[in-house]
Each structure stands twice: as C-alpha cells, then as structure tokens.
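Paired with chain B in one complex and with chain C in the other, chain A is shared by the two complexes that follow.
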Partner chain A sequence: MNAVCDLPFEKKSVIPVDPRTKLFLTITVSTIMMSGSVGSVMNYIRPCLAILPVCLLLFSKRWKAVANFSLTYFILFALEIEVLPLLSGFWNFLLGALVGIYTHILPGFVMGYYLIDTTTVSEFVAAMERMYIPQKIVIPVSVIFRFFPTVIEEYFSISDAMKMRGIATLRSPMKMLEYRVVPLMMCVVKIGEELSAAALTRGLGAPEKRTNICRIGFGVVDILLSVIAVFCWAAFLIW
Partner chain B sequence: MIKLKNVNFQYMGGNEAGGLSDINLSIPDGQVVLLCGRSGCGKTTLTRMLNGLIPNYYDGDLDGEILLDGENISKLPLYQTARKVGSVFQNPRTQFFTVDSTSEMAFGCENQGLPQEEIIKRVKQTAGQFAMQPLLGKNIFCLSGGEKQKVACASVSVSSPKIFVLDEPSSNLDISATADLRRLIQLWKQQGKTVVIAEHRLYYLRGLIDRILYLQNGEICAELSEQEAHKLSSDEQKEMGLRPFDLLKFPVKPRHPAHKQTFLCSDFAFGYTQSKHAINISSLELPRGEIIAVIGHNGAGKSTFARCLCGLEKKCKGMMTIGENRYDRKQRLTRCYMVMQDVNHQLFTESVEEEMFVSMALPEREQAASFLERLDLLPFKDRHPMALSGGQKQRVAIASALVSGRNILVFDEPTSGLDLQHMEEVARELTALQQIDKTSLVITHDYELIVSCCTYVLHLEHGRVQAQYCLDDAGIERLQEFFLGSR
Partner chain C sequence: MDTKNNKLQAKDLINVGIFTAIYFVLFFVGMMAGYIPIFIVLLPLICPILCGIPFMLYLTKVKIFGMVTLTGLILGLLALLMGSGIEVLVAGLVFGLLADLIFKAGNYRSLKWTIIGNGVFSLWIMGYVSRMFLARDAYFAKVAAGYGQEYADTLMSYTPGWVFPTLFVVAFLGGVLGALLGRAVLKKHFEKAGMLDA
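And then the complex of A and B:
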C-alpha cells in the first residue's frame, strides 16, 4: 500500500502529524473542553488540553499564531482570576459567562486552526479517502477547498474595481452589498462551470476506486498524541 | 482515427452562436489539426464534441455520429472518453481540480484507479520530458498564468491519451510561455499523438501543423495545408479574419515622434513581500496623449506598476506629476482608471446608463448620453451590462472612466483571446481615445495590437524600466527584436 513516493508535494507542516490524528485531536479537545465537566482529574486535564494546540503550533513554527493565542489565553485567565471576584451581581454574571464561553470554545478553535493551517488539501483528501468516506462527500469537500481561494481572489478584484470607481465607501449599505455580490455571483458561476467541465474531461466520476499518491501515514508523533487523546477520553468518560 | 459524419449541433436556447452544421470530417492518427476562424464560428463547439463535453455536459440538439476508433463518443460516459482524449482549456485559472501541482499531475490517473507506483513513475517521466521538475509540489495559486498552463498540459499528458484537444491555449500567455507551449505540442507530435487546436494566435504553431480547417458560421468552409496558408496574401488573411502566421508580415505603421508634454512617475517602489521589490522605479517620464504599450515578460512588474499608478496599492508611496500638479495615491484613484482583463468585475448596475450615473458626481442624462454616443453605446443604454458582448462591456467600462473625467487609462491585456476583427476593434477604440487627448497604457503580449495602434513602448523587466522608446522605424525594429528574438 505504501509505495515509496519521493515526489515533492506542497508542504505546510513542520512536525509530521497525520491529518487523521489532527482530526481526532480536534474532536477530543473541542468535546471535552465544551462539556465543562469538573472533577479531580479533569482539573488537570482541562488546562493540558487548552495548552496542547498552542504547543503544536509552537512546534510547527507558527510564531505569530502562538503569540496571539497565548496572549488571549493570558487575558482570559487574568480576567477570570483577578477581575471576576471583584464584581458582583449582573456584571459578575456577564463577565463570567463571557470568559466561560471563551475558555470553553477557544481551545477547540485553536486546534481547528492548527488542523487547517498545517494540512494541505491533498493530504486532507487522501486522509478522507483512507477513512473510507464515500466519494459523494470527498469530492464536494475538495471542491470547496479549491473554490475558497478563487472566490477570495475574485472578491479582491471587485473591491479594487469599486475603489477605482469611488463607490467603495458611503452611500447606502444595500447598494454596496449589491455591487459586491452581483459581479461576484456572475464570476463564481462561470468559474464553477468551467471547473467542472475540466474535472469531467479528466475522468472524475469514474466508477473505479480512486487511487491517491499523496503520502500520509502514522508515525511516532501520531502514536504519542493518540495515546494522550485516548487517556483524556477515558478520564472524561469515567470521572 | 476520429470520424465525424453529418454532424449538426445547436446549443440549448436556440439562436446562440457557436452551433455547427453538416460537419463531415476524418482525422487520421498522429495528425496535428488547427481549427481557425472568427469568434463564434464553432471552433470551441467542435473541440467540445471531441472530448465528449457535448452532449454530456453542454446541452443541445445533436445529430450525426462522432466516432473515435469506431466508437460513438457521444454515447460513452465522460470518464471513458477521458482516457482517450485529453483537454486543455483557455483559462489557466479554472482548469485545476486540486490545489497542489503534483496532485494535479496525478489527478487523471488517480481517477482511473491506476496503481500508485505506476502513477508516480508516469508523473516523474512527464515532469522530466517537460523540464518542469521545479514546478512540482507548488501551490497552484502561487503559479503564474504561463506556469499554470504548463502544469495543465503536463497533467493531461500524464494519463497519456491518444488525442489532445486544446481550446485557445495561448490566450493568457506571454511570449516565452507561448514558446514553451509550442515545445509541448512538438513533443506530442513526435510521440505520434493526434492534436486538435482551436486558436486565434497562429504564429507560434508555424511548422507544426499538418492541416488547417477554416470554419465560418458553423461550417468547415476551407481546408488548407500549412504551405497553402502561408501563401495567402495579407488581404486574404484579413478577409478570413486570421491573425498572421508570420508576425513580420503583419502591416506596421511607423509613428512620428511628436514632442508632447509629459508626466512623471517618481518613487514607484512596491513589493508583495518585504524583502523583494516587485517594482522599483525611481523616476519615469512618459509622454501624455499617447498609446503606450507596456511590455515585458511574465513577472516583470507590468501589472504591479499599473496597480500602483492607479493608486490601488496602499504601500506604494510614489507620486505622479503632471505639469505643476502632484498627485498622491488617493488622488490618483480618481485620476486614473484601469480596464481590467476580466471586465465583468467592474460593471455593477442594472443598465448601461445607470453605470454612467454611478461614476458621475452629479448625474446628468445629457452628458452621459454624449459619452455613450461617442463609444457607440447609445442604443444599448437601457440594456443590462452583463447582457452585452465582451467588446461592448469593455466600452462601457471605458465610458464610465471618461464620464468621470479620467485622463489616464490603463488596459490590462485587452485583447487576450480575441480574433483579428475584435483586436482591430480594440485598436480603433484606443486610437479614438488618443484623439480626445487621453493617455492610454496598454499592458499586452499582443504584437499585432501594438503595431496596429500603439505609439510608444515602455519595456519593463525585473521591476525596472528596461527601455522606453517611440514607435518610429527604429522603435518598430526594437519591438520586433523583443517579440521575435526571444523565440
């Protein structure tokens, strides 16, 4: 199954983590953090899970993201520990809810950011195919990945055109929306049509099982991370 | 062996151009066939029949038989046709399914379910043949148009179909990328593949073609060998709406240098990354009221220069001086105007007239009408801009610039993918703008357009000004050297 493939692929990750492991971790972190159960062991596990994605980003040399997320964490915890006890009544409730939502959701978000920022589309598609996800899901998902950057490109071109016409600011917001969206729709429809024609002439949709030459696979790091995740699940489900 | 027997086709929706009638044709294996003719003559339709997109993707009334080695293509599912026929399309932006060039090369074979080792072997082999190892493993969105087209051709080649169908593959390419394309087609020819190309630009195919089919109104109305085509006089070629096989044969009109006023661009420096400047021009003096061709290879900084001139790049601190007046970036946004390559991006409203009003500080019907009349758009003033033809849309964009009093217009590749007649139409528009004293800068790879109307050349290379000259006799020689010398 694993032929030695020394063809170069676009590379985004620094530490080799399989997309499937990343996906598993994302689910783990977001579920456990969101559910907000507290217990003796969970008091240790929760902070670890919050820090895990930041560590992964750190090892992947995403300095800017690490700085941003660490700062956000720091502010949130400072608020929770220093400011929250000083407030009472309505304000306590408001700030408590706000901080609570953030600390529950942010780690999952950071993990998702790591997943997307360090995985190329080819790796992701390969991972889905290895997980036996049906073609009916794999193909639309890969089209979405392909489409996003295209739509963004088009959007910026239209913004430029509006700037030159001097219609980027002021005037009624509804008009602005219309000016942006109508040309965008026109372009997107045309691109979509040409894109699918091209894909069909390359044999997409054949009944044979597709092969995928993108190399993904589990390594030491994957095993380590999976063990951590499984342990967290066990702790979460038992206590 | 491709065989078409009494084929008729009409697109769904009726009277649209591009239908075909009574096509009888047989193409033996290994032949390189050029389809040419005016826009809307049915070239693209014919290519779509060969790769099965008609009738499997584009709806319409088809009768007759399209046989490939005795099998009726129109009855086969597309994925089976795809094994025999590979297609390359006009727009390099929209023919990729993946985001990674290596995956893209493998895509066709992966769909066929070939074993991994086999695919890897083939991808390597093709990359070697096309000398494109440096392009492997790149994000498609980081490649230039020429590089994308090269990856597209290579990807099709990996699944080694018998027949290659190319629909205007050179329209978005510069001269050196076009030369690369020529080499790829040459390679296919040597491998004994059948190649069918629908194309407007003919010069780069010189010496490769076995057979030329000239289409008019959906019928094949002439069949020539390449030698016969070379013998056509330039009047005959013009009559047929064909661009020349030999660029040197295209009629040129040397201009006389007129001592006009100039405008000055100073300190135009800009880079997309901090370390590297895409352009770095400390001072550039250009004549006013001329049609200036901006030439240079891909990545020379032509578009970046145009964007800075129009005030679209915030980080570019350059100044433009006209006479006594200095214009900074924000002021340039209201002084200059760019007609984009995809003009659909800059038409926003529901009617042509409204499009004028949006650009006017005080909407005045009569003034708008006078500008529309000048550009032959008055009869269409109530039409929706998106319902107009490509040339008309371009004119609406120009009119909206004129009505807001712009003096400098920038055109980004206004003639990519146009036939001779439409190219001449653009040339006439540009000349008309010069007559009302507007300055035009035309970013282009189109030699025929430059010699038809431009009066001045600005040659950029590596973000700097390589040369600037007037298109008099000596200037035309320099221009020819740029276009033909680099072949």
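And then the complex of A and C:
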C-alpha cells in the first residue's frame, strides 16, 4: 500500500479534495457567480465564492496560478471601485460591461481550471463510476477532460505560428478562421486517433469492468466544503 | 469486443469526446464575442457557423444512432458545469436527439438531411438565450445589478419579445450556413489530407 501512496499523482495537494466535491463546487461557483444577484446576503457570499477557488489552488500548491489569478482579481476590483465611478456615458457602459463580465465569469473559470488541473483523468473516471454514470457518458466526458488542455495549447501554438506568417489581425476573418480552425482540427484529430489507440490498448471498451488505482473518497474537507456549498445554494435560491 | 455494427463502441465514444471538445472550445470563442451587447443577438448566427467545420468533419465519422444525441447531452452538461443553468442541458438533449433522428433519416450520408440536421442541432444554443425571454424581469434585474444599468438597458432595447422566435430561425440558418461552410472546408482541406476515410 505504501508504494501506491508514493505515486506522484496520489500526492498532489496538501488537502485532497474528492473529484465529486470539486464538480459540485464548480457548479455552485459558476452558477451563482454567473447569474448575478440583488439580495443583501449575496453581497457577502459572492466575494467568498470568488476567493474560494484561489484558496483551493493555494492548498494544491499551484503558486503561479494563485499569483496570476490574485493579480487579475485585484486589478478588476481596483477598476470597479476606483475607476468606474469617475467615468460616465459610453465609457462607463463599456468598462462596466467589461468588468462585469470578468467578475462574473472569472471565478467559474478559476474553479474549472482547478478542477481540470488538480484531477487526473483516472481520478475523474473513478469518481464518475462511483456516481453510477453509464460508460456511454463516462468515456466521452473523460476524453473531453483530457482534451481541453490539449486543444487550448494547440490553439495558442497555431496562433503563434500564424502570427509569424502575418495572419493575425481581423483584417480577413474568413482567412483567419480557415487558417486556424483547419490546422487545429487536423492536429487534434490526429492526437485523438493516437489517444484512441492507446486507450483501446489499455482495455477501454473491453467487456470486463476496469479496475482503478485511484483511491477517492469523502473526508472532513469534503464535508465542510459541501456544507458551505449547500448553504450558498440555499441563500441563492431563497433570497 | 462486440463486432456488431449498430452498437456504440469505445472508438465511437472517444470520437464523441474529441469532437465535442473541439466544438465546445470554438463555441466558447464565439460566446466571448457575444458579450458585446449588440452581438448577443448575433450569437445564434455566429456560433453555429464557427462550429460548422468541426461538426461536418464529425459527421463523416458518425454512422451510428446515438452519437449526436450524446454530443448534445454532453454539451449541455458542460454548459451546466460552467453555470449556464439547466435550460441548456434540456435544450442540448432535445435538439441533439432531434438532429440525430434527422441524420438517421438520411442514413448519415445524405447531404440534404445533414444540412437540415445541423440547422436543428444548432438550436441547442437557444437554451442560453431562453432565460432572457422566459424569465425576463428577473434576468434583467440581475444583469443590471451585475453589469450596470446602461448595459441592461441597451440589451433590453435590442431584444424585444418578437426577437425570441426570430432567433430560432436565425440559429437554424446559422446551422445551415455552418454546414455549407464546413462542407466547403472539408472538400478543400480534409479530403486532400486523407482524413475522410474512417
């Protein structure tokens, strides 16, 4: 058993959080932050929910991400509190919308980043199997889970390549679309085929039930976080 | 492994995952443009056109009933995870299933049915927009609180009630245009690269 504990993916964070808790928290943070609020209690809950994912990243020792997201939060709040009241008319409208969008989406985005970055595909599959989700959904979703970082990484590499060739601006949107989407799809489909072959070799789709090395389960932290999330939902739906 | 041809196999499910991922990323890029208030009305037009390219390539690999339904369902789940609410999940499942039935009518090969099917599939985006119309007062009160009154007013003036049914038509047209664009790109690039065999 000690050997299992020493595997690198088993010791990713100071406080391990179950993938199911992460999923629940992601839905909580993104839904509540996205929909905005008018109630008085929500004025306290929203900042807490915005900070929660950053704290979770901190406990997972993602220093760089913590620094980046904290800085972004700081700039956004500074803009909202200091700069926004000074402006009027069109600029107020523009900046208000921009800051509004970022403060609404960013917490959910950070939470999603946390979910994807700190959960391995195996853990995620184990969690979904524990939730009795059928294989027909587990397989595609785990592929997507594995693929999001890849697609985004490839997208940025391709944009860099296209910038070097001078296809960067919005001068010709059709050309930009063609020269970015087509290579992106080519390489992602190729990667996908390789992934598919690798997964089949490892017995995905075999009639037997697969075993999983990841040990997931609810702990004190999960209960605590779930209670907080349920409280937020109650506040969100009642007020 | 089961060699029957009409059952979903692991390879098909992996394909569902790959193309749903590309679809969602492109969709998200389109959504970002939608936050400029005027564009939110154009959203149902832009996103399906953008997503037409991966979807047409996806359809060359779809031969079994259920894959498109799964794509719709999973897109809905992803949207739910990103905080867009339960409406999108329902829309994704319903229009995914309808589109799947239409593709099946053309045996997953007929161009005519494919184009119509892509139009129908694109209607899932209406799940995003529906809240703006179905729970109008609550929605705009929240928009005003979060984004400022001016943003809410602008958005409201662009979206009178009759826009809702119009947007369904727009989304359908977006899907049709996306399918045509996707087909053109497919012919130009992917056939040459030998990616249409599968």
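Brief remarks follow.
The working rule: the second predicted complex is superposed on the first by the 153 of 239 C-alpha atoms of A that agree within 3 Å, B and C clash if a C-alpha of one lies under 4 Å from a C-alpha of the other, contacts with A are read in each partner's own complex, and residues count from 1 in each chain.
Basically, contacts are C-beta pairs under 8 Å (C-beta built on N, C-alpha and C of every residue); 3 or more make two chains touch, one makes a residue touch a chain.
Since this is a predicted model, take the numbers as computed values, not measurements.
Judged by the touch definition given at the top, the superposed model places A:Val220 against neither chain B nor chain C. Shared-chain residue A:Lys209: touches chain B; no touch with chain C. With both structures placed on the common chain, the touch criterion links A:Val121 to chain B but leaves chain C unconnected. With both structures placed on the common chain, the touch criterion links A:Lys163 to chain B but leaves chain C unconnected.
Using the contact criterion defined above for the overlaid structures, shared-chain residue A:Ala199 touches chain B and also reaches chain C. Of the two partner chains placed by superposition, A:Leu86 touches none, neither chain B nor chain C. By the touch criterion defined above, A:Ile238 reaches neither chain B nor chain C.
After overlaying the two complexes on the shared chain, residue contacts for A:Pro149 are found with chain B alone; chain C is out of touch. The interface of chain A with chain B overlaps its interface with chain C at residues 142-143, 178, 182, 186, 195-196, 199-200, 204-207. For chain A in complex with chain B, the residues that touch the partner chain are 3, 5, 7-11, 120-122, 125, 142-143, 145-146, 149-150, 153-154, 157-158, 160-167, 178-179, 182-183, 186-187, 190-191, 194-214. Partner chain A is touched in their complex by these residues of chain C: 1-2, 8-11, 13-18, 20-22, 24-26, 35-37, 50, 53-54, 57, 66, 70, 73-74, 77-78, 80-85, 141-143, 145-148, 150-151, 154, 185, 189-190, 193, 195.
Interface residues of chain B facing chain A in the complex, by the touch rule stated above, are 51-53, 56-57, 78-83, 85-87, 89, 91, 93-103, 106-117, 119-120, 123-124, 136-139, 141, 155-156, 159, 307, 310-312, 333-334, 336-338, 340, 342, 344-349, 358-359, 386, 400, 404.
Listing the residues of chain A that touch chain C in their complex gives 23, 26-27, 29-38, 92-93, 96-97, 100-101, 103-104, 108, 112, 135-137, 139-144, 147-148, 151-152, 155, 177-178, 181-182, 184-186, 188-189, 192, 195-196, 199-200, 204-207.
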